[in-house]
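For clarity, chains are labelled A, B, C and D in written order, and residue numbers in each chain start from 1.
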């Protein structure tokens, strides 16, 4: 599916919004790809992001997946939009162990109000092949800017 | 529904496992209630936990919801168990704004292998009534201890 | 939570819309409760509704759950609305065996555009206590009437 | 991903089990593809399968999606297994209008106990391009045969 942006400045807008997500600074998430309908966020492993067994917590895997989904949807929205997550579902497929985690989100169905997005979260360690650790399916909503509080 | 623990030391085991979740130290989550089948985690608002509008990021809301679900399930498991999340679905009902967030998880259906749990995440601000900001429905799995890697 | 209808004719509108769901005639589903934000659909067991083990198929459990959710949302919508399901998630808790199945849906969070609803599906057999066989969490959307094609 | 069956008779077993799903006879669903980890079910439109607007009911879309997911998982299970659905989540992307509906399920992550599967449901009308009307992400569970009641 070829998706066309309706906002020529979509990539800048995604980057500016992402820069305001203070949680990404706290956990070390970086925006590493922005294309129409596709966004990737990369997170290096850190020992302070884990659950009881030393794997990255499912909620942190979800954090990068959700932001990637939101911005993948946002990249296709017209100017003066806001995006928020309506819902998402995450299947945890393997323990989130690895050195680098990448959440790759892709729009399945764009819409005027609701956009459905899928994100896969991969882990890589050394020169091993990347592994799919989680997959996410969610709904993102467009709101006119400055009207969502 | 009255749920009976099968591990008399369930509360200590939940606390010991929670203490190993380094992510909780990073974000400031605290275990504030442990009963058979019911667990609460409390998270004070912090400006470094937010998305682009200054609300707590949906992934952090999910982080406390998921841990609450996992430990609610774990509280009913027999000794020498490990718990892991299989999947969860989260509906975001309102922007996560407030001073204090509480994720309250309750087991809906315990099982030998799989346990289904629901968590509600509430926000409170000053002396306002608490508001439901998210609700989560997930599946947690029991594994024999030390055999899940 | 006390929910107030915004359409005084809500119960009639739910019944009229339900009567158009031809699938309900095919499977034998009946609308057995309509209150503001709460709808129940009842389905007697039939041998032609089953999966390979003779239990009612999860998709049929979902069919009554989804319609109950949709109409619970619809009961709170203003006049001249249409309702459609955006998404739902179902956890199957026990095999759907029994004589009578009741899907009870309740609105968790009404909204101008999106309404979040939960449905529990119970099975009863003879004079046994009812059993929860599935639980569902979904998002329903309001559209202005005659504008959704 | 190349998936290998562990049961040489997988295709026959899928077909035999499908033949016992009485609901498929009722609604007119047919098993039209069985490969290791991939199953398709085809459903022609019928006027008695609809919701209030004349589109195929989301629960029926789910019925073929769920069976496709279950059998995609089952196709990879060892002999003497039973399969049951643990949970699924469905996003409804477009009204289910069309002449023929095909649910195509594909295993994302096979496992000894749990298998995660995705299904897409497509609609076709005349010589138009097929449209994705729903996408589903679910967890299927293996049980030893004859021990699931």
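The definition used in the following text is that a residue touches a chain if its C-beta (ideal position, glycine included) is under 8 Å from a C-beta of that chain, and two chains touch if they have at least 3 such contacts.
Values in this document were obtained by computation on a predicted structure and should not be read as measured data.
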By label order, what chains touch subunit B and subunit D together? A, C
Could you tell me which chain lies farthest from subunit B when each chain's centre is the average position of its Cα atoms? D
Tally the contacting C-beta pairs at the A-C interface and at the A-D interface, and name the larger one. A-D
Roughly how many whole angstrom separate the Cα centroids of subunit A and subunit B? 22
Roughly how far is subunit A from subunit D, going centre to centre by Cα mean, in whole Å? 28
Separation of subunit A from subunit C, taking each centre as the mean of its C-alpha atoms, in whole Å: 32
Can you list the residues of subunit B that touch 2 or more other chains? 86-87, 89, 91, 139
In the complex with subunit D, residue positions of subunit B that touch it: 86-87, 89, 113-114, 139, 141
Could you please specify the touching residues of subunit B with respect to subunit A in the complex? 17-18, 20-23, 25-27, 47-53, 57-60, 62-67, 82, 84-92, 95, 148-149
Would you tell me which residues of subunit C are touching subunit B in their complex? 89, 91, 93-94, 108-109, 116, 118, 132, 135, 137, 139
